[in-house]
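Two complexes come next, and they have one chain in common, subunit A, joined by subunit B in the first and subunit C in the second.
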Partner chain A sequence: METLKDAFDFRDFSKTERIVFGLFTLFLLIFPWLGAGSFVKVVLIQFLLFSLFGMGWNTIGGYGGQVELGKAQYVGIGAYTVALMMVWWNIPFWVSMPMGVLIAIGYSFIIGYPLFRLKGHYFAIATICTSLVLQDVFINWKLVGAAKGIEIPIREQPDFLYMQFKSDTYYYYFIMIFFFVAILYMNGFRKSKLGYQLRMIKDDEEAAESLGIDARWCKIKAYSIASAFVAVGGGFLTVYNFYIDPYSVMDLDLSIKIALMAMLGGAGSLWGPIIGAAFLVPLDRFLGSWLGGHKGLVGLDFMIYSTLIMFVSAYQPRGIWGIIEQFRRKGA
Partner chain B sequence: MVDLVKDFGGLVANNRVSFHINQGEIIGLIGPNGAGKTTLFNCIVGYHKPGSGRVIFKGKDITGFKPFMTNREGIGRTFQLMKVTTGMNVLENVMIGAFCRTDHRSTAKKEAAEILEFLGLGEVKEYHLNELPIASQKKVGLARALATKPELLMLDEVASGLNPKETEELVNAIKRIHAERKITLILIEHIMEVVMPISQRVIVLDSGEKIAEGLPTEIVKIERVIKAYLGEKYAKGL
Partner chain C sequence: MIIIDAILQGILMGLLFALVALGLTIIFGVMDIVNFAHGEFLMIGMYSAYWTSLLLHIDPLVTLPASAVVGILLGLASYYFLVKYLLRGPMIAQLFGTFGLMLFLRYLAMFIWGTDYRIVQKGLLVGKSLSVGPFNLDWTKLSAAILSLLAFFLVYNLLHRTKLGKALRATALNKEAASYMGIKTDRMNALAWAIGGGTVGVAGGLLVNFWYVYPTIGLLFVMIAFASVALGGFGSIKGAFFAGVLIGIIEMLFPIFGHLIGSDFLGPHFKFTVVYFAYFIIVVLRPQGLFGWKH
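The block that comes next holds the complex of A and B.
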């Protein structure tokens, strides 16, 4: 009960933060009626999706301080569960998506249990490896389409049960709901016992253990929560793209993007992953479409993109949100 | 109720150290550098596994328990060096200790505030650790351990790095913890001014072995203790 109240309680944020968040919510709600082009709509859907991923990653990576670079495997689990259940048994999205989340949680416990014996760099490397192994399995597994991937059957009529719509607007609102649910969840999470314990583990694991905190178990729990979050996003990717393959949903590139956005925005804060996604997704998309089209300039967008990331992280390791807080404290 | 038996066969740091602590006692654990005080300490709270021997707490064998398990059994500890972290303020730090026994944030917050008030830290609860002097940081460490509601509290060189006035204040705080909260205390200490006035019993370690045990006033008269720790000069001065 207390947790539920905490989730809806934004009072400990400053007035400015609440106003900005309120305006931003309003913008998201009315955005489809502003007459923006389909490209902008796609960018915004991507932004919401990556915010969702980032917020999930933030539990273990931000609050728990563990450099986790294997989230793509759970995106993949979520995506494949939805796709396969739809192709094989014609099961609606609203059944298969929760199944995907459950499988992701189960799998994360199996992977997390040995993984969290490791610390620091070794842990980071191990997360990459587990993700790569799963990707390789799916690339070579004939039953699930191997490297060719799977297409989900397209229905003649738009169908809410199977989440198939003609217009992107529906997908937009659909992912937006998940986005807000995620914000509420994270708002409760940061004030929960687990949230506090993770922050202590991040600060000083030895001291955390002396305060009765089972560090390994806490990390596994946070890791599972993060996995559940990204599995939801994975399920969405399937119904949104109608097609998945191991390269698009399980790539190392995706894992790194998830972690990078959250870190750049500000790991360990509620707004961080959202800011990171709001910054990097459009940058990535617009630079890509703008520069990628010119001959001789291909690749330049990646250079600009990575230079910006380097500058921000060199200036303030706690990311963009860290910079904002730094200025606020100076002003106060 | 608290019953500690400890043997370490073949272990260099601690060789067949065994002692017994009664509930409500204050024990001072002293010895020269490298005597194995910290190793002994770590074996009890679970950071090291003893090579052999047993640790028995309240009649329960807790040998080889992990640190978080010994804490849940009722053993709290403080650190010699408090890692200065910027992530959380003082109140939140202490709340994490309180979360050891409760799941509710409001309960944890209330308990943490009480303990901070008790130790005279009520005014700094919104501050971050790096904004506080070292004496207050040490007290926060104490408060954090207290918040886990220990029955046995082990203090690792609480007075190191403090000036005489701060030391005196801390000693008073420890006395009050003992008097009002009925907690058994083990102090690992270099500074005699801390150990002697509050300890009811002192255990002296040297080269991993227990060389003496007794009242503070008696211990300073034992020749072996003088030789190993207090120094010949100090002894002649007596």
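The block that comes next holds the complex of A and C.
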């Protein structure tokens, strides 16, 4: 009960933050009636999805300070569970998605147990390796469609149980619900015991252990929470795209994007991943559609994107939220 | 017989892997930075060898100095324009910084040269092989292996026999103490990037004789290099050498092993998966690697 109250309690944020957040919520709610084109709607769905991913990453990467670059494997687990259950046994989304989350959590404990013996660079590279191994397995595993991927059979009638709709607006509202649940969860997580323990571990792991915190166990818990978040998004990705393959849901680029958005926005703060996604997803999409369409300009969008990454890493590693806080401190 | 052949091929390939890993381990040893763009340095080295040999109509083996120069310049530019600033930030910023560099170089290559697969087709050694008893060894691979050995020999002597190398090793051991002794650590860092870029550039120049070059080739090789460096111990040159060779052998033996036990699932398409998996097992069980002194 206490935690539930914590989740809905936004009082420790400043007044400006609460007003901005309120206006933003209002905007998200009424957005489909503003008459924006379908492209903008797709961008906004992507934004909500990546905010969800980023918030998940933020538990282990932001609050826990562990450089985790293998989140795509859990997107894949979530996506494949939903797709396979739907194709093989005709199981509805609302059953298979929680199953996917459970599998992701179970898998994350198995992987996380040896993984968190490692620190720093070793850990970062090892997370990439685990993700690549799983991707390679899925690329070559004929039972799950190998490199061709899986297609979801399209139903004639829109179906809530199987999450098949004709209009993007429905998908928009569903991912928005996930998004707000995630925000509430993260708001509670921030103030939970695990949240404080993780921040202590991030600052000084030895000091934390000397106070009786089991650092490794805390990290594993945060890692599985992150995996659960990401698996939800993966399940949504399946029903939204009707099609998945190992390259689209398990690629290293996806892992990097997830971590990058959280970091660019400001890792370790509630708003960080959302700001990062709000910044990078439209940039990514618009650059892709403007430049990607021209022949001879292949790759230019990613060059701009990567220049931005280098610039932020070199000058403000705490991201956009770090810049905002810097300004506020000067003003106060 | 097939196994001995695979081991021989594996050693040749492994020597090249070791050369790629050499630069990575030097950079890591000196300044604790993992260079994600290392595979892209290799790719640029491959392209520069390819284009110089194609445009100047000279043999690809003669273009090695060009690859080395391009690699050195690339390493220096990365250090002075990016890594110097990254060093002030936390580890996560350093990781993303070099990662950004990797993406930038990859898509720059795609922008300029497109996504075509290219390989050197003409050359003194291309397509010829040396027969030793029942074994056939490609001259391109053989010469790459010999030159890789030579490069290792030179770098090892540079680090252990010269004053410059001593200064570099001192910086790696303790940066502050080194700077008290009057060593310009900033320059040592730049030197590490120059050596790293140069060796991997040479590796690229050798590789393009028998391996297709395309803009996204870097990831595969950087992961192999990570695995070699982790297996040998981060920062250890000797370690990178033996681990590279070992990984070359594993990579060649694995498909044969799968073939012998008649399993389709352990086919050749998993040969690099095994390398990733090996990395994971190694760092979990023995994080300091085989010869590691840095932890």
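By our rule, the second predicted complex is superposed on the first by the 332 of 332 C-alpha atoms of A that agree within 3 Å, B and C clash if a C-alpha of one lies under 4 Å from a C-alpha of the other, contacts with A are read in each partner's own complex, and residues count from 1 in each chain.
Note that in this section contacts are C-beta pairs under 8 Å (C-beta built on N, C-alpha and C of every residue); 3 or more make two chains touch, one makes a residue touch a chain.
Being a predicted model, the structure only gives us computed values, none of them experimental.
J.: In the superposed model on subunit A, is it clash or fit for subunit B and subunit C?
T.: Verdict on subunit A: subunit B and subunit C fit.
J.: Compare subunit B and subunit C by how many residues of subunit A each one touches, and report the one with more.
T.: Looking at subunit B versus subunit C, the one contacting more residues of subunit A is C.
J.: Per the contact definition in the header, classify A:159: touching subunit B only (first), subunit C only (second), both, or neither.
T.: neither
J.: Based on the superposed arrangement, let me know which partner A:6 touches: subunit B (first), subunit C (second), both, or neither?
T.: first
J.: Angle at subunit A between subunit B and subunit C: what is it in degrees to the nearest 10, using CA centres?
T.: Spelled out: centre of subunit A as vertex, angle of 80 degrees.
J.: Can you work out, in whole Å, how close the C-alpha atoms of subunit B and subunit C get once everything is superposed?
T.: Value for subunit B versus subunit C, nearest C-alpha atoms: 13 Å.
J.: Using the touch definition up top, name the residues of subunit A that touch subunit C in the complex.
T.: It comes out as residues 61, 65, 67, 69, 114-115, 117-118, 120-122, 124-126, 128-130, 132-133, 136-137, 139-140, 252, 256, 259-260, 263, 267, 297-300, 302-303, 305-310, 312-315, 317.
J.: Across the complex, what residues on subunit C touch subunit A?
T.: 28, 32, 34, 82, 85-86, 89-97, 99-104, 106-111, 114-115, 215, 219, 223, 226-227, 230, 234, 265, 267, 269-270, 272-273, 276-277, 279-280, 283-284, 287
J.: So in the complex, the part of subunit B that touches subunit A is made up of which residues?
T.: 45, 47, 66-68, 71-72, 76-77, 79, 82-83, 85, 87-88, 92-93, 95-97, 99-101, 103-106, 108, 144-145, 147-148
J.: Per the contact definition, I'd like the list of subunit A residues that touch subunit B in the complex.
T.: Per the stated touch rule, the residues are 2, 6, 191-193, 196-197, 199-200, 202-204, 206-215, 268.
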